[in-house]
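Below, each structure is written out as structure tokens.
What follows is a pair of complexes built around subunit A, which joins subunit B in one and subunit C in the other.
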Partner chain A sequence: MRYLYYPGCSAESTGMAYDISTRALMEKLGVELVELDDWNCCGATSYFSVRELDSFAIAARNLAIAQQQGDEDLCVICNACYTTLAKTNRYMADSPHVREQVQGALKAVGRRYDGTKPVRHIMDVLVNDVGLEAISEKVARRLTGIKVAPYYGCQYSRPIGSFDDTEDPQTMDRFFEALGADVLTDFPAKLKCCGGMMMLTNATGAVRLCHEILKSAEDLGADVIVAACPLCEMNLEGYQPNVNKAYGTHFHIPVMYFTQLAGLALGIDPKQLAIDKQVVSCAPVLAAIPA
Partner chain B sequence: MPAGEKIKICQQCGTCTGSCPTSSMMDYGPREVIAAFRAGMIDKVVKSNTIWLCTSCYSCTVRCPAGIKITDLMYELKRLGIKYDLLPKDTRNPAMTRYFIDNVLKYGRNHEVGLMARFMLAKDWSMPFNFAGLGIKLFTSGRLPLLPKQIRGKEEIAKMTAYLDAQEAKLQ
Partner chain C sequence: MAQEKIGVYVCHCGTNIAGKVDVEEVTRWAAEQPNVAVARNYKYMCSDPGQDLIKQDIKEHGITRAVVAACSPTMHEPTFRKAAADGGLNPYLLQMANIREHCSWVTVDGEAATAKAKRILGAQIHRLPLNEPLDPIEVPVNPNVMVVGGGIAGIEAALKLAQAGKKVYLVERDPSIGGHMAMFDKTFPTLDCAACILTPKMSAAGKEPHIEMLAYSEVTEVEGYVGNFKVKVRKKARYVDIDTCTGCGLCTEACVVRKVPNEFDRGLSKRAAAYIPFPQAVPLRATIDPTRCLTLTGKKCKQPCLTACGPGAIDFDQKDEEIEVEVGAIIVATGFELWDPTPEKRYSYGKLDNVLSSLEFERISNASGPTGGHILCKNGEPPKAVAILHCVGSRDENYQEFCSRVCCMYSLKFAHLIKEHLPECEVYECYIDMRTYGKGYEEFYKRLMNEDVHFIRGRAAEVTDVGLSPTEEGRLVVKVEDTLLGITRRLPVDMVILSSGLAPRSDAKETAQTFGFGCSANGFYLERHPKLEPVSTVTDGIFIAGCCQYPKDIPDTVAQAGAAAAGALALVDNPTVNVEPTISYIDPEKCSGCHICVGLCPHAAIQYNEEKGVAEVITAACKGCGVCVAACASGVPQQRGYLDEQIFAEIEGALAV
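Moving on to the complex of A and B:
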């Protein structure tokens, strides 16, 4: 099994543990990831605020490279990159104007893209290609008794919804059940917005949103929150002191990339999963996993 | 904006505002934005804090019974605000957007440390104090590399946007 791999900009800084643990996890599962050559920023939400076509064009440069580089699907780890790239495909398919303009822009730099490269979220690849049975068979340390709050984040399934439901996604729940965890399947905040980039421009508002999510996880007795997006992970983990200050709470909840916790279940060394890079110590989680 | 004409069939049901995680912080909720847009009161909407509080969560978009792409509409209004300099006084988002794009034009990727540093210097001196503990932890664990990664084809980004600039000029 082989995929082209788009890490995204966060994978080079705040979200580097997501990238490191993804590579380790996929290697363990026998999935080869080939990094997309000379990939650029997907444009995120910022480019949409300047010109819609610019955002599609710069996202499409990555898709054009992917199409040239190989026949494999393009695997993406960041929810925002995933949505931006998948949305570009969808709008190129739906709108002849978008398609024509994007292809014109690519042609201006000597590139071609027909709009058909499949963009896959890593969870989609794990659940639907690798398969939960195959993953379950490789578990070395079942996550028995670990209460996992699966936090999906907005752009996991919205607006695209190609591999999971836009209102009630379940893939991450099923994934961690396969690893033996005690999944909090009724975690009501699993899709509530963390505020995203708002943490930098309107911290009061974003802290309020994070408070709701953290409180919801704590009320259910979560041992760990798992995230599938570098921005969600950063907001929920890094700003717990700010939430505590604003709301008089005492949150100290470990937050991990879902690939880190899955890697532990598969017996990968915590160092290879960059677990020491987490801001809130994951020691209680490590200690609680049965050997 | 593909399918932008759908705002004509908005029934004002309010599902968007009810679904919006930030509507309680907004001057006008998304439903009111569409009503104002259709009533020709665009400037009022664009100058409100509303559109800049949209986090792109897409809850409204996936729920709208009329199929209106409300998140895309918010982007459109952000673009109008930036283009005609109709911005709410206290919003810092347009600056963040600008710096993000400058970063991508310069390096081909977003350099998070550079983006945050420029934003702090220009817009929010209090940030280093509010987030000092986090900054130190991220830095010491290697999660804040100081040097940007650059791509080989970075000039392609500027060339593509220049092409689209020229196309837009041709249409007007």
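Moving on to the complex of A and C:
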């Protein structure tokens, strides 16, 4: 099993742990990831709100490179990158105008793209290509008794929903069930926006959104929140002190990339999963996993 | 072929046609075509003076064929054929050329429209000399009528027909008639009690000697044609002899299985396996639920119901029974289903307590319901605040695009009932638009605005139990954007009512197929014409009424039921009926007896004659759809009025211009 791999900008900075743990997890599962040559920013959020066509062109450059580099599907780990790249494909298919403009822009930099490179979320790859059964068989330390709040984030399945239900995604629930965890399947905040980039421009609003997600997880007695997006992870984990200050709460909930927790279940060394990079200590989670 | 004299009549249809098509030019051109004796145009051909033109020309110019270039034949072909007949011409010697729907309405350029109109008209001029005079086929009519569905629509239609002295078979799937209306507490906007106005009609239907009630029964097969239907009905076993049972309810009390979700209370209460669905049931007879009764599911039971039943009506050996009924007309009034709000996950229906569907709230507010008419949350406490969320499953591209028409009004009714029971309770109505279009509806809305109900314009985003403040803790929170204030709000409430839309019955498609008509894109039964024939279907003699056609309120349902009854009566009150002669025929000399057409005929109008070894068309059953004509490998079946040479002539005519 082999995929082209698009890490995304965050994977080189704040989301480094996501990239590191993804590579370790996929290696353990025998999935080969070939990093995309000379990739650029996907063009997410800020671009898209202001100059949509430009951001399609930026995203399409990655897809053009992917199409040239290999026949494998393009595997993406960040929710925002995934949505942006997949959306570019969709718009190029649906709108001749967008297709023409994007192709024109690519031509100016000597690239070509027909709009058909399959873009896959890493969870899609894990659940549908590797398969839950195969993953379950490789479990070294079942996550028995660990209460996992699966936090999908707003762009995991919306708006495209190609591999899961748009409004009620289930794949992450099934994934952690396969690893033996006690999944909080009715986690009501699982699709709530974390505030995203707004944390930098309107912190009050973003902190309010994080508060609701953290409260919801705590009400259900979550031991850990797992995320599938670098921005979600950073907001929910790194801004807990800000939430506590604003709302008089005492949150200290471990938040991990889902690849990190999955890696632990497969018996990968915590160091290889960059668990030490987490802000809120994951020691209680590590201690609670049965040996 | 003798020289035919064709009259051509080009209609302006006001500006509908003349606004695009140069009718003068088309008329001038038509006059030059072979066989055309007279060519005229007129502002409205369908008006009396317009029709008179045809009659006059038959008399004065001796025209032997006519073509009217106007609207679709489904609109006015009968009008003009009748005019021709009145003038002394066989009606089937008149053709329509559709230059409105097929031409002026759908063509942007006037010159192109004029050219196209000539081709459409030319096709008919070219085929007319080949038309044969045809005579309508007369068949006898069975005077009895079947009404399928015992809700308010079916009851009303059955009563009207019975009043006219017709024998009516009223078929109902459930153990009692009454339908959804029997579940309601009050009816908007007058607030009369639903039971008070419905039960007299139910009881009248039960007692009416002309009505034969077939409750707990389902139609399985419909054969035949207008005036002569044969309907198979499966009478499901009640395991109670309906003539002996007195409806005393002692078996219900004695039954040991007590935890069956009560359908009539939408599962909010429990019933026994031996049950009478509700106190006013008609027929007031017990039914034993074969899926829950211990004896009928093969388990051990001391059968206390047998001891309790004085008249000895219980019969565990009863079997489903199939009967065949002959009727002249059928009214299908099979109603709707409430749209199940479960897929709308954001509203947490089925997940969180006290998130109710509208029908559940109907039962909670009903004196005969699970709480005895007291509006209570699941914990037995009255709510301090209730939110009513409009347009759940309606006006939503993800589910049903249409407006269900009744939800705004029943939501207002709910608000009123809550305020009446619990004056201190805060009531929020979260709506997209208020649609209060009926008689007295807007006034009712105004009244509610003065009853301290909070109206919030905005579709609710979410219902959650994650409270973020002390006032929200332990309660439900509705998140909604108030689009009038331009803010998002969090409404802490104790009960949420989801004003679900009306959906077609889950088996509507199969039912429609059984009766030989279709469904609209939204799943409701398709009427023959949305405006002018709202209760007729494509199958002559089969009518529809009520919410099976489209969501509607009780007044509209009752009106439509009356219209369907009138439609049925207008048919069965005649000893005979004429059916269209444009049907297919099979030349026995040419038929090889291959059977292909027999299986393909959607109306079961072709039978195989074993003796002669050929297929034969049942004249009265054939609808003239042409399937057999197209399917036969040897081209044997031919459809009158659409003979091969006539169609080829049309094509030549269209291409000749």
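One rule holds for everything that comes next: the second predicted complex is superposed on the first by the 290 of 291 C-alpha atoms of A that agree within 3 Å, B and C clash if a C-alpha of one lies under 4 Å from a C-alpha of the other, contacts with A are read in each partner's own complex, and residues count from 1 in each chain.
Assume contacts are C-beta pairs under 8 Å (C-beta built on N, C-alpha and C of every residue); 3 or more make two chains touch, one makes a residue touch a chain.
The model shown is predicted, which means the values in this text are computed figures rather than measured ones.
K.L.:
Of the two partner chains, subunit B (first) and subunit C (second), which one does A:2 touch, if any: first, second, both, or neither?
P.N.:
Neither: A:2 stays clear of subunit B and subunit C.
K.L.:
Figure out whether A:112 sits in contact with subunit B (first) or subunit C (second), or with both, or with neither.
P.N.:
So A:112 meets neither subunit B nor subunit C here.
K.L.:
Taking the superposition as given, does A:97 touch the first partner, subunit B, the second, subunit C, both, or neither?
P.N.:
first
K.L.:
Once the shared chain is lined up, is A:271 touching subunit B (first), subunit C (second), both, or neither of them?
P.N.:
Neither: A:271 stays clear of subunit B and subunit C.
K.L.:
Which chain makes contact with more of the residues of subunit A, subunit B or else subunit C?
P.N.:
Larger number of subunit A residues touched: B.
K.L.:
Output check: A:167 vs subunit B and subunit C. Expected answer is one of first, second, both, neither. What do you get?
P.N.:
Touch status of A:167: both partners.
K.L.:
Under the stated touch criterion, which partner chain does A:252 make contact with: subunit B (first), subunit C (second), both, or neither?
P.N.:
neither
K.L.:
Scan A:54 for contacts with subunit B and subunit C and give back first, second, both or neither.
P.N.:
first
K.L.:
First (subunit B), second (subunit C), both or neither: which does A:219 touch?
P.N.:
After superposing on A, A:219 lies in contact with subunit C but is clear of subunit B.
K.L.:
Please write out, lowest number first, the residues of subunit A touched by both subunit B and subunit C across the two complexes.
P.N.:
167
K.L.:
In their complex, what parts of subunit C are in touch with subunit A?
P.N.:
345-346, 348, 351, 464-466, 468
K.L.:
Of all residues in subunit B, which touch subunit A in the complex?
P.N.:
Touch residues, subunit B against subunit A: 1-3, 21-22, 25, 52-53, 55-59, 61-63, 69, 71-72, 75-76, 78-79, 82, 91-94, 96-97, 100-101, 103-104, 108-113, 116, 119, 127, 130-131, 133-134, 137-138, 141-145, 149, 151-154, 156-157, 159-164, 167-168.
K.L.:
Once bound in the complex, which stretches of subunit A touch subunit C?
P.N.:
Contact set of subunit A toward subunit C: 167-168, 186, 188-189, 211-212, 215-216, 219.
K.L.:
Over in the complex, which subunit A residues touch subunit B? Could you list them?
P.N.:
It comes out as residues 9-10, 12-14, 16-17, 38-41, 43-54, 57-58, 61, 83, 91, 94-95, 97-98, 101, 104-106, 108-109, 111, 154-155, 158-159, 161, 166-167, 192-193, 195-198, 200-203, 205, 208-209, 238-239, 241-242, 276-277, 279.
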